[in-house]
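Have a look at this one.
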Amino acid sequence: MKIEHLKGLIAAPFTPMHADGSLNLSIVPGYYEMLKANGIMGAFICGSTGEGVSMTQTEKKKVFEAWASVSKDDNHFKVMPLVGGTSLNDCIELAKYAEECGLYAVAFTAPFYFKPANVQVLAETCRKVANAVPNMPFYYYHIPVLTGVGFTMFDLLNEIDDKILNFAGVKYTHEDFMDFLSCLNFKNGKYDMLWGRDENILAALALGARGSVGSTFNYAAPLYNELIASFEQGDLEAARKKQQQSIDMIRLLGKYGGIATGKAYMKLMRLDCGEFRLPVRNMSPEQFQLFKKDAEQIKFSIFCSQMPAASVIK
Amino acid sequence: MKIEHLKGLIAAPFTPMHADGSLNLSIVPGYYEMLKANGIMGAFICGSTGEGVSMTQTEKKKVFEAWASVSKDDNHFKVMPLVGGTSLNDCIELAKYAEECGLYAVAFTAPFYFKPANVQVLAETCRKVANAVPNMPFYYYHIPVLTGVGFTMFDLLNEIDDKILNFAGVKYTHEDFMDFLSCLNFKNGKYDMLWGRDENILAALALGARGSVGSTFNYAAPLYNELIASFEQGDLEAARKKQQQSIDMIRLLGKYGGIATGKAYMKLMRLDCGEFRLPVRNMSPEQFQLFKKDAEQIKFSIFCSQMPAASVIK
Amino acid sequence: MKIEHLKGLIAAPFTPMHADGSLNLSIVPGYYEMLKANGIMGAFICGSTGEGVSMTQTEKKKVFEAWASVSKDDNHFKVMPLVGGTSLNDCIELAKYAEECGLYAVAFTAPFYFKPANVQVLAETCRKVANAVPNMPFYYYHIPVLTGVGFTMFDLLNEIDDKILNFAGVKYTHEDFMDFLSCLNFKNGKYDMLWGRDENILAALALGARGSVGSTFNYAAPLYNELIASFEQGDLEAARKKQQQSIDMIRLLGKYGGIATGKAYMKLMRLDCGEFRLPVRNMSPEQFQLFKKDAEQIKFSIFCSQMPAASVIK
Amino acid sequence: MKIEHLKGLIAAPFTPMHADGSLNLSIVPGYYEMLKANGIMGAFICGSTGEGVSMTQTEKKKVFEAWASVSKDDNHFKVMPLVGGTSLNDCIELAKYAEECGLYAVAFTAPFYFKPANVQVLAETCRKVANAVPNMPFYYYHIPVLTGVGFTMFDLLNEIDDKILNFAGVKYTHEDFMDFLSCLNFKNGKYDMLWGRDENILAALALGARGSVGSTFNYAAPLYNELIASFEQGDLEAARKKQQQSIDMIRLLGKYGGIATGKAYMKLMRLDCGEFRLPVRNMSPEQFQLFKKDAEQIKFSIFCSQMPAASVIK
C-alpha cells in the first residue's frame, strides 16, 4: 500500500448529542459544511473528542454512517474513525464497518485496561486489527495521557515496519519531540505522522509536520490556518503570536474542567453539540457565563470558525 | 434494600476460551462444580480475571447465561458480573440483562479512559447504572491499579449513602487499609466490604473483613479456607504460614508476566481455560515448562483446588 | 553482628524549632522524659518527621548530640538517626558521628534526586554507607512515597544478605504487605522489620510485626499501647476500635495540609516544637483554631500522650 | 535589577573526579578553554550533570572557586551554580558563597524530598533563597522529572513577578511547550527563559528561545552551533538534520544507562572526567567498548567538541 501523507488540518469532531444524551446526528451535514468552509480537510471521528469510548457499537456505527454520507462525493475530505477500545473483536467489527461505509482509513489505540506489556505485544495487537482491513490505511493513535501506554512510536515503527503493510502512520497526541522527529525521519519519511497537540503545532511544524488532527480546529480553524500560513512564509514572529492565542484559548479548557469545554466553545460559535456524557463533567450554567466572559477576554470571536451563511443548521 | 453481608470466598472465574480465542462455555458447569467442591460460595464474573473488557457485549451476555444456568437452583452460590466499561449505555444494558438472567448482584467500576474528575462525578456515574436495576445489590469494584481512578472508598460511601439505595458495598482491590477499615466501620458496618487482594487477606481478616473476591481462589481455595480457619481459631502463626504460601504462589504471577499466569495454574489442576486474549501476553511453551518447575518448588499440588471425582470435564 | 529485634513503639521525634526557625534543643530533655513516661522505647531522629533533609550537617550533628546526651545512661532507649540524603560523603560523615556520639544504630534511605536504577545499585549504595560503621546496626528506611524508590525490600534483602554484615533490618513505611510478610519470613525472621505506617499497625501486628516507628507515637502513645495490648490479648474488636481512632486522628493530617499537622498536635499536648521549615507548609492561626475543634471532635485529649508531672518543660 | 537575556549555548559541565571518586579540579582550566574554543558562552555548574546533589557543601564550594578562578577576567563567560537542595540554610550559604566568588548568577530548584504543596509555597521558598543575594540574578531550575515538582512556570512567574526582584528567569528542563511559550511571552518577554532539553532545541528556537543550557553541549557544541546557524538562516531542513544527529547521540544515553553516559562521551573526546558517584550507575568496561562502536556508528567524531591544540590537559 502506497502511504499517503496528509497535509493540513483534520478536525476531531464532537459527537452531537440531544439534551437527553442521545445522538443528534441531524447536525452532521451542517457540521461538515462548516468544517469545509473553514478550510478543514478531514475528520477524525469517535476519538477522544468524539467520545467513542462512551458510545455503544451501534451508536458508533451510526456516527460512521453519518460522516460517510455527507462526505461520500468529496474525495478531498478524509474521514477516519477510531475503532479502538479494549475488545479487539469489537475493534475488528468496527474496522470492517468503516470499510463498508467507504471511510478513508481507520485508527486504533492501545487497549487501556489491560495494557500491552511491551512494544512487541502492542505491535501484535495492532496487527490483529489492521489485518481485518488490509486495504485501508491504518493509523495508530498515540495518546499516553489517556491510555497509560507510553512506548515510543519510534520503537513501534521499528516493530511494525514491513510487518503491517497497511500501517500508514501515527496520530501523535503526546509531547515527545525527540520521538516525533525520529518518526518523521524514519526510513526517509515513510510514515504519515499527524500532529495531535494543537497547543504546540508550531513546534511540530518546525520539525517538519505537515498534517495535524485536533479538537480546537473545530472552532478555531482560521487561527491555525493563519498560523500555518505565517510559518510557511517564514514569519515566525507572527506564527508565535497565533500560537499564543491558541494557548490562551486552550488554557480555558483547564480552567473550566477539561474536554467538555470544547462543546462550550462550539456553542459560542452557534453549533450546539449538546454535552459530554458521563463520566466527563460539563459546566454548570453559572460556569458557562464565566466562561463566556473569559472567551470574550481572549477575543475568541475574532479567530473562531464561522458558520457558513447558508448553513443547514438554523 | 437490606444489605446482605457475604461471608467466605468468592472466586473470580477465568473465562474459558478455545484455542482460537472463542468462548468455550461448555466448561462452565464443571467449573461451577469444582468451585463448589472446594468451598467457594460465589463467582464474580467478567471482571479482570474474567477478561470482561476483552469481550463483546454479546459474549458477556453468553457468559452471564452460562453461570446463571448452572447456579439457578443454588441460592447459596452468588453470581455477580462486572458490567462496567466506558460506555454507560452498555453497562446499563448488561445490568438489566444480569437481572433478567437472575444473577445475584451487579458490579461496576469507574470508566477508565475518561476518568471521573472527582468523587461526586464518580458517585453520579455509579448512580446512573445502579438506578437501572434498583432491586439488585450494586457493588463498586475498586481497582485503581487498572482504572487509574483512586478516590478513597470512604469518600465514595459518604457521597452515595442514602442516595443510591441499592448500593451494597465495594469489592476492594487495593491496599489502603486505612481506607478499608474506615469503610468497614462506616455507619456501624452498613456496607459489605469484600476484600480483593488475595496476597494480604490475613491483614484484611484482622481488620474485620468477612467476604473476599479473588482470582487465586479458583485454583488454591483449600489454602485460603485453611488460612481463614486458622485465623478464626486464633492461630495467627498458622495463618501467616498459609499467607506466605499464597504469596509464594502469587509471586510467580509477577515472574511469568502477570494475569495470564492464572490460566497456567488452572492447567496444572487440569481445568484448561485456554489463554488470555490480547493485549494480555501468555507464556510461551518454554516458559510454561519453567513455570511448572517453579510451581512444583512451591508445592502447588499440595494446596491447590481439586477437581471433583465425577467432574463433567474429562 | 547479632541482629537485635526491637519490640514496641519507637517515636520519630519532631525537631524542635524556635519561632525564627532555628533549633530549640533545650526541649529535648523534656521531650525524652515525656516519651519515656508514655511507654516509648526509642527515637528515630532526623527522619521525615524530624526534618533531617531540611537541616544542615552541623544542625543534624547537634540533634544527634542532644538525643545522645539525654539517653546516654539508658540502655533501654534506642536512638537511631537517619543519615541519608543524596551525598554519600555526607551520609558517611553523619554515620561516623552517630557512632562517636554513642547512638544505637543508623538508618539510611535511597538517594532521591538521582535514583538507583536497580536494586543492585541500591544495595551497593547501602553497602558504602554501612561499611563506614561496621559495628553499628544499619537500617534501610523504605519510604517510596517520598524517595520515589520503590524496589521491594524482599529483593533488597536477597541482594544484601551475607554481603552487608551490619544490615539489621528495615523501617518499612509503605503499604505492601505481601512484601512485608515476605521480609518478616526471610531466613526465619533474620532481619528486624520495623513497621512505619501508624494507620495500619494492626494489620502489621497480625502479620507478625513486633516493633514500629511512627510519628503519631509522639502524641498518641497511649492509644497505640492499648491497641497492642488488646491485640496481644486476642481482643481484635477492641484493637480495631483503637486503630479507627488512630485513623480519625491521622485523617486530620490530610485535612490540614500534611506532616506539619504533627507539630500542631504536639502543641495541643503542650510540647511546643515550633513549626516545620520550608518547603513544608504550616497551618495559619485560623486553620489552627479549626484544627483544634476537629481534634476535640475526635476526643484527642482522651488518648493523647501526657506530659510528666515533673517535666523540665514548663 | 535589569534582567539580562542570555544568548547562545551554556554548558552544564561534568564535575571531574579522580578514580577514587574525589574531585579532580585541576582539569577545570582546560575544561574552560575547551568550552571557549567550541563557542560555549557559559557554565551551569553543580546542577544535575555536575552532580551537585552528590557533593558536600565543601566540595561544591571548591567547584565554585575553580570555575570562578578560570573565568574571572572573562566577562563574556557566565558561570552560574545550582545552589539548590533540600536544606534552605545550605542553599543560602552557597548562594552567598557564589556571590563572594564573583559568579554571575545563582540557580535554585524545588526541594525534592518534601515538595512544595502549591505554587505559592514554591514561590515563598524561592524568595527565601533569592533574598540572600539580592544583587545577583536568580534562576529557577525547572526539572520535574528529577524533583517531582511540576507546577507550570507560567504560574510561578505570575506568583513571583514584582515580588522577587532579582528573579531573572528559568532554566527550563521539561517538555511543556505550551507553558514555555507562555513564559517567553510573559510581560513582553520580561524573563530570561533558558531552554534545557538539548534533544528538542530546534522546537524551542522556533518558539523564540535564545539561550540554552545543556549537558551535551559539553561534547557536541559544534553540532548545536551549526543547528542554530541553520535555523537563523531559515534553513529548517538542515537544522532538522542536525537535531536528528543530536537525538541519535542522546538515544545512546538511554541505551547505556543514563546520565553517566555523558562522561563516557567526554572520554571519547579525550577530556576524562572520571565517573559519576553513586547512586548513578556507570558503564562497565565491556559496555564502554560497545558504546564506542555505537558512537562511531553515529559518527560522533565528526560533530563532537574539539580539544584546543594548546590545551593544558595532556
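A, B, C and D are the chain letters, set down in written order, and residue numbers restart from 1 in every chain.
Here is the rule we go by: a residue touches a chain if its C-beta (ideal position, glycine included) is under 8 Å from a C-beta of that chain, and two chains touch if they have at least 3 such contacts.
Bear in mind the structure is a predicted one, so any value in this text is a computation, not a measurement.
Asker: Which chains are in contact with both subunit C and subunit D?
Answerer: none
Asker: Chains in contact with subunit B and with subunit C: which ones?
Answerer: A chain counts here if it touches both subunit B and subunit C, and no chain qualifies.
Asker: When subunit A meets its copy subunit B, do both sides use mostly the same residue numbers (more than half shared) or mostly different ones?
Answerer: same
Asker: Going by the average position of its CA atoms, which chain sits the greatest distance from subunit B?
Answerer: Relative to subunit B, the chain with the farthest C-alpha centre is D.
Asker: Between 0 and 180 degrees and rounded to the nearest 5, what angle rotates subunit A's CA atoms onto those of subunit D?
Answerer: Rotating subunit A by 180 degrees superposes it on subunit D.
Asker: Can you work out the whole-Å distance between the CA centroids of subunit A and subunit B?
Answerer: 37
Asker: Using mean C-alpha positions as chain centres, tell me how far subunit A is from subunit C in Å, no decimals.
Answerer: 51
Asker: Can you pull out the residues of subunit D that are in contact with at least two other chains?
Answerer: Residues of subunit D never touch two or more of the other chains.
Asker: Once you've mapped the touching chain pairs, tell me: line, ring, star, complete or other?
Answerer: Chain contacts: single closed ring, each chain with exactly two partners.
Asker: Give the pairs of chains that touch; include all such pairs.
Answerer: Pairwise, the chains that meet the contact rule are A-B, A-D, B-C, C-D.
Asker: Show which residues of subunit B lie in contact with subunit C when the two form their complex.
Answerer: Subunit B reaches subunit C through residues 175-178, 181-182, 185, 199-200, 202-208, 234, 236, 240, 243-244, 247, 250-251.
Asker: Please name which positions on subunit B make contact with subunit A in the complex.
Answerer: For subunit B paired with subunit A, touching residues are 48, 51, 53-57, 59, 85-90, 93, 110-118, 121-122, 124-125, 128, 146-148, 257-259, 277-281.
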